[in-house]
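In what follows, structures are represented as structure tokens.
Next come two complexes, and both contain subunit A; in the first it sits with subunit B, in the second with subunit C.
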Partner chain A sequence: MMDQTMLRPPKKRGVFSPVLIEMTIIILFFALSTSVVIRLIAVASTTARQSAYESQAILAMESVAEQVKANPVGDGFCNECGARVFSVEVTDTLSVDCVVTSDDSPLQGTLYDIELTVTSPEGNVYALDAARYVPDAEEAP
Partner chain B sequence: MSGNSAAGNRGEVRGVFIFALLATFALLSLIVVVVGARSYRMINASAEQTFVSRTGLSYLIGKVRGADAAGELEIRNENGMDVLALGQEIDGERYLTYIYCDGSQVREYFAQADLAFSPDYGEKIFEASSLRIVLVDGLLGIEIVDAGGETHTASLYLQTAKEGGA
Partner chain C sequence: MKTHPSHMGVGTSSILFILVVVSLTLFASLALIQARSDAALTQKTSVSTAAYYDADVRAQSMLIALDDALKLGEAPDSVDGVAKQADGSYAFSVGSSDGHALRVSVDVSSGRCQILGYLYENAEEWVDQSTGTLWQGG
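The block that comes next holds the complex of A and B.
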């Protein structure tokens, strides 16, 4: 007694069930979005750190510029080029390099040119220029 | 019978696999949230510090520069607090802007010069635990300790120091 159903070949079940495929797609999508989010977080973190460093560097350079303006002659020690070169260490990673050159050519005074630079640990260079004119009458004791 | 048992085993393995995938999904989600939250906290703290060091100090420097005129700047000590008094004249009337720190906030108080200084009326500028102001040879030094205990300093050369600016 063989009926129609017995003659039919056994129905093969798919190797991957729909739930499994759905889960795999979800995981793949998650992995993709996670990689984007992680990259964004890393970039945001780096930008915040750089911004904080930059802000600290600018403030440090402004302070050193003001200190030099208050006393442009300093210890009076100049190198062979006639420039006063020194470095001010603000923190372990922040040091302000300063070059002060004096120009006697203006009449009745001296123009001090102050060049300040900070090199970040990443190699970025921040620079600030300042100047102060000191009349001869002010320099004379 | 053995065919049914094999099918059952396969079903169990599939169930375990789906559960493992879901668990991985949950774990990764948690890690991403934790990393994101930590990064957000770090960025926030950094922004807060930058606000005090950059915005706060710049504000004070700007105020001092604005008052850098002969006889308009004075450092007082009121109730153990360093108080920076910046003078200005409006319609023939003399006014003073007092900048000071009450222990938790840097405040600014604007009043007529003949009125007594009262720290209670000051407007809040930013949070800080201390503010020190010193003036040596025309160089004004400002030192702020923020709420987190970090110290921020700035120097300012007063153009009118030699003319009795302070």
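The block that comes next holds the complex of A and C.
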């Protein structure tokens, strides 16, 4: 005797494939671990970029310092404060700002104080101070 | 149509995933270590450059003091740190914070300082150390 329930197709049991479960877990863990790894790489990149810029800035400041020490008077143009202010552009993102002030208090010459600064695009300031004493006899033509 | 069963069993993708994650983590860690050692080296360079220019500024001040003393008719030895050498010249040394010293020698016979030597050198003594585990040859 067949009734209504016997005519219905048998229900399929909800069985997930083990491979599908494994892949789902893997994708989740991969997403998590990738976020950590990307953060590590980002920190490494930032550190490397900053140290490369600092290295370039130091070399540029040393170079400008030696140039100014070789000829502290330069073109002789000073601002109203008596300081020679100029900027040396090394690259598009790196320029060395230089302030040269002269001090005539020594009895036999002039002391030139050289202040160099580089400001990075991130706002870090690198500074270097140098000085050059030029005896009067050296300044005479 | 005949279907071919997959040979990839459960766990194969996990092994592959572990290998990929370990490799990524290793490379990222190596990149970070390299970047940090580069930054440390740059910092050392920065410190030694600042130390040199600091010593240079102090040496220039010493030269001014020497010149001023000569102008006032005082003996060069009266300036602190200046000593007369065997050859009649005068010399002084300015220490820097990174273990170097700027040694300056000047001639004052003309009534003002003329620099004879301006050397920035290591001020620390060489210390004999045991060779330890180094291969001695033979």
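Here is the rule we use: the second predicted complex is superposed on the first by the 115 of 141 C-alpha atoms of A that agree within 3 Å, B and C clash if a C-alpha of one lies under 4 Å from a C-alpha of the other, contacts with A are read in each partner's own complex, and residues count from 1 in each chain.
As a convention for this text, a residue touches a chain if its C-beta (ideal position, glycine included) is under 8 Å from a C-beta of that chain, and two chains touch if they have at least 3 such contacts.
Computed from a predicted structure; not experimentally measured.
Colleague: State whether A:Leu20 touches subunit B only (first), subunit C only (second), both chains, or neither.
Modeller: first
Colleague: Regarding the shared-chain residue A:Leu111, is it in contact with subunit B (first), subunit C (second), both, or neither?
Modeller: In the superposition, A:Leu111 contacts subunit C only.
Colleague: Between subunit B and subunit C, whom does A:Val125 touch in the aligned arrangement: first, second, both, or neither?
Modeller: A:Val125 sits against neither subunit B nor subunit C.
Colleague: Once the structures are superposed on A, label A:Ala48 by its partner contacts, choosing first (subunit B), second (subunit C), both or neither.
Modeller: both
Colleague: Does the superposition put A:Leu28 against subunit B (first), subunit C (second), both, or neither?
Modeller: Neither partner.
Colleague: Any idea whether subunit B or subunit C touches more of subunit A?
Modeller: Partner with more touched residues of subunit A: C.
Colleague: Once the structures are superposed on A, label A:Asn71 by its partner contacts, choosing first (subunit B), second (subunit C), both or neither.
Modeller: first
Colleague: Check whether A:Pro135 is in contact with subunit B, with subunit C, with both or with neither, and answer first, second, both or neither.
Modeller: second
Colleague: When the two structures are overlaid on chain A, which partner does A:Ser63 contact: first (subunit B), second (subunit C), both, or neither?
Modeller: first
Colleague: I'd like to check the shared interface: which positions of subunit A are touched by both subunit B and subunit C across the two complexes?
Modeller: Residues common to the subunit A contacts of subunit C and of subunit B are 19, 23, 26, 30, 34, 37, 41, 44-45, 48, 51-52, 55, 58, 62, listed in rising order.
Colleague: Quick one: which bits of subunit C touch subunit A in the complex? Just the residue numbers, please.
Modeller: 8, 10-11, 13-14, 17, 20-21, 24-25, 28-29, 31-32, 34-36, 38-39, 41-43, 45-46, 49-50, 53-54, 56-57, 60-61, 63-64, 67-68, 70-72, 112-113
Colleague: Please give the residue numbers of subunit A that touch subunit B in the complex, ascending.
Modeller: Counting only subunit A, the residues touching subunit B are 17, 19-20, 23-24, 26-27, 30-31, 34, 37-38, 41, 44-45, 48-49, 51-52, 55-56, 58-59, 62-64, 66-67, 69-71, 138.
Colleague: What does subunit B use to touch subunit A in their complex?
Modeller: Where subunit B meets subunit A, its residues are 14, 17-18, 21-22, 24-25, 28-29, 32, 35-36, 39, 42-43, 46-47, 49-50, 53-54, 57, 61, 137-139, 152-157, 162.
Colleague: Could you please specify the touching residues of subunit A with respect to subunit C in the complex?
Modeller: 18-19, 22-23, 26, 29-30, 33-34, 36-37, 40-41, 43-45, 47-48, 50-52, 54-55, 58, 61-62, 65, 106-109, 111, 126, 128-133, 135, 137
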